[in-house]
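Two complexes come next, and they have one chain in common, chain A, joined by chain B in the first and chain C in the second.
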Partner chain A sequence: MIKRFKDFLAGIFLAFKNKKHIKLGIYGPPNAGKTRLANRICQDWLGEEMGKVSPIPHETREIQQKEKVTVQSNGKKLSFNLIDTPGIATRIDYEEFIKKGIDKKEAQTRAKEATKGVIEAIKWLDNMDAVLVVLDSTKNPYDQVNITIIGNLAARNIPVMILGNKVDLKKANLKKIESAFPQYKVLGISAEYGDNVEQFYKELFKLVK
Partner chain B sequence: MPLTIQYVPFEEVSDLDSERKIQKLIRIVKQNKLVLMEGTLTSQEEADLIEETMETIDSKFKGVEITSFNPTEKNSRQIQDKLKQKFMEMIWGRRRGLTIIGPANIVREIRKDPNRIQLFLSSRGR
Partner chain C sequence: MPHQCVKCNKLIEDGSKSLLTGCDSCGGKFFFFIKKEHLEEAEEKLDELSAREKENLEKDIFEMIGYEEDKPVILDFESIRALSPGKFEVDIRHLFQREPLIYKLADGKYIIDLDSTFELRKKK
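For the complex of A and B:
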């Protein structure tokens, strides 16, 4: 009887503990603006950046984590650990990095690290409590990588919000993302210029209940 | 050099567990062939395929380009549509639809929208 009571208390403690450490992941293909979004959130609520951004793909090659980010909106507070993940890709060619001006040796190292980063990002899917899928709204959303990420999150019953990033660009087409993933909330933002970011914070409360 | 398309019928992979199925597909792709598989992979299998591909990448093998196409699968919010899809899957397995996997040194890009798939081939790898 005492043991059962102890287990009951431990269960409540664990649930409470877990609730206080929500893991909010940022996933997406390379160069969609995941780190740019992570930086925007961290800058807004912690006053510091999370990681380096670059026009060269696979700048983020390791999981980056910021603990206890607290967002406030409409008088409510939401705390979470923010996890920025390497971009998921099916191909990594070091020669593509050379074309962007990186020397051969560094390009090969970058490619090797990028492959490990993709594997790590996939493995971390199981740890997430909610995920922001960041897509480049100027690109075709029907890319298989996007479908695979979202399919895996759905299979794990992880709440998802799709963010169509780079809506400040002329080529942005949010409607196409909405048609590709009609089951999900799709919000257009510009992580770089802050367009619609206030709305994003409001929606975050609905995602992480 | 001509591009070889290898057709993989559903029966050839349906009895394999996910690991063997993925290894088989990657083995074909590494021979610089384009896989045309009857049916689709589960989302977990797709993630496993990406992981396995990343493990395999080296100076010669740059990865894969992949797409799948299932005209009967709808991205619907409706519960009845989802139930219908699950029921079809129970009867047919994942036989319906097609999966295309190509080596990244030959297939530069696969562009897909709801009704068509375009393959852009690289002249470099051929």
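For the complex of A and C:
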């Protein structure tokens, strides 16, 4: 009887604990600006950066987490653990890194770590309460990676917001993303320059209820 | 007006499905339109082009129309295929579906990550 009561209390505690620590994941293909967005959020609300960004794809090769990020908008507060994930790709080729000036050995190691990162990112999906899918709005959204990520999030009933990043660039085409994923909220932002970031914080409250 | 595959020279009839899906013998997506009266002449001219030249011709046109060829990666039952050191193909469908983590090293050589496989089974 006492054990049952203890289990009951533990259950309530766990539910309360989980409720308090919403996990907000950032997913997307490599070089879409996931870490740039994570840095923007962390800079705005914690005053510190989350990870290193680079023009070379697969800079983030391990899961990065910042606990207790509190966002405020319209007098409301929203707290969550922010999780930045490695870029999801179907082909990882060290020669791509060599072209960006990395030596062969380092490029091969990077490719190996990037592949491991893809596995980790997908494994972590089970822990997420809501996901921000960051896409590069200058690139074609009809891509195996984008479609698979978004399709699987829908199948798992995880709330999703699609962010078309890099809208500051001339080639950006947000309409194309909207027509590729018409059933989702698509918001154009520039994580680097802060375009539309205020609107993004407002939308975040609707995503994580 | 018949068509001729740039890659393999195969003649394709007007209105054929191959014009939409790709040449049925080589998968090529570029075709020359040929007037019937120039058929023989065209065949000879295309033969004069080397495989390299044909490849470059395709590449130039892909660049001009801004088309990036990125075929989806669909592997057999493995999730990861190691092509050579630093070159990998990942079938993300298998990973998202929580299927056992299997690495293909070469034909007939596989590594199965039992640890993660049992972990995934618990979650299922």
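What we mean here is this: the second predicted complex is superposed on the first by the 197 of 209 C-alpha atoms of A that agree within 3 Å, B and C clash if a C-alpha of one lies under 4 Å from a C-alpha of the other, contacts with A are read in each partner's own complex, and residues count from 1 in each chain.
In the analysis below, a contact is a pair of C-beta atoms (placed from the backbone, for glycine too) under 8 Å apart; a residue touches a chain by one contact, two chains touch by 3 or more.
Bear in mind the structure is a predicted one, so any value in this text is a computation, not a measurement.
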*Consider chain A as the common anchor and indicate whether chain B and chain C clash or fit when overlaid.*
clash
*Touch check for A:D93: first (chain B), second (chain C), both, or neither?*
both
*asked:* By the touch definition at the top of the document, which applies to A:Q65: first (chain B), second (chain C), both, or neither?
replied: neither
_With both complexes superposed on chain A, which partner does A:T138 reach: first (chain B), second (chain C), both or neither?_
neither
*Would you check which partner chain A:A180 touches, where first means chain B only, second means chain C only, and both and neither mean what they say?*
first
*Check the residue A:A107 against both partner chains and state whether it touches chain B (first), chain C (second), both, or neither.*
second
_According to the stated criteria, A:S79 is in contact with first (chain B), second (chain C), both, or neither; which is it?_
neither
*Look at A:D126 in the shared chain and tell me whether it touches chain B only, chain C only, both, or neither; answer first, second, both or neither.*
second
*chain C clash site on chain B (candidates 4-12, 22-30 or 76-84)*: 22-30
_Common interface residues of chain A - those touching chain B in one complex and chain C in the other_ = 88-94, 108, 111, 115, 118-119, 122, 125, 140, 143-145, 148, 152
*List of chain A residues in touch with chain B within their complex*: 88-94, 108, 111, 115-116, 118-119, 122, 125, 140, 142-145, 147-148, 151-152, 154-155, 179-183
*Can you list the residues on chain C that touch chain A in the complex?*
68, 70, 72-73, 79-80, 85-93, 95-96, 101, 116, 123
*Which of the residues in chain A end up touching chain C in this complex?*
88-95, 104, 107-112, 115, 118-119, 122-123, 125-126, 140, 143-145, 148-149, 152
*asked:* Quick check: in the complex, which residue numbers of chain B touch chain A?
replied: 42-44, 46-47, 50-51, 53-55, 57, 59, 62-68, 75-77, 104-105, 110-114
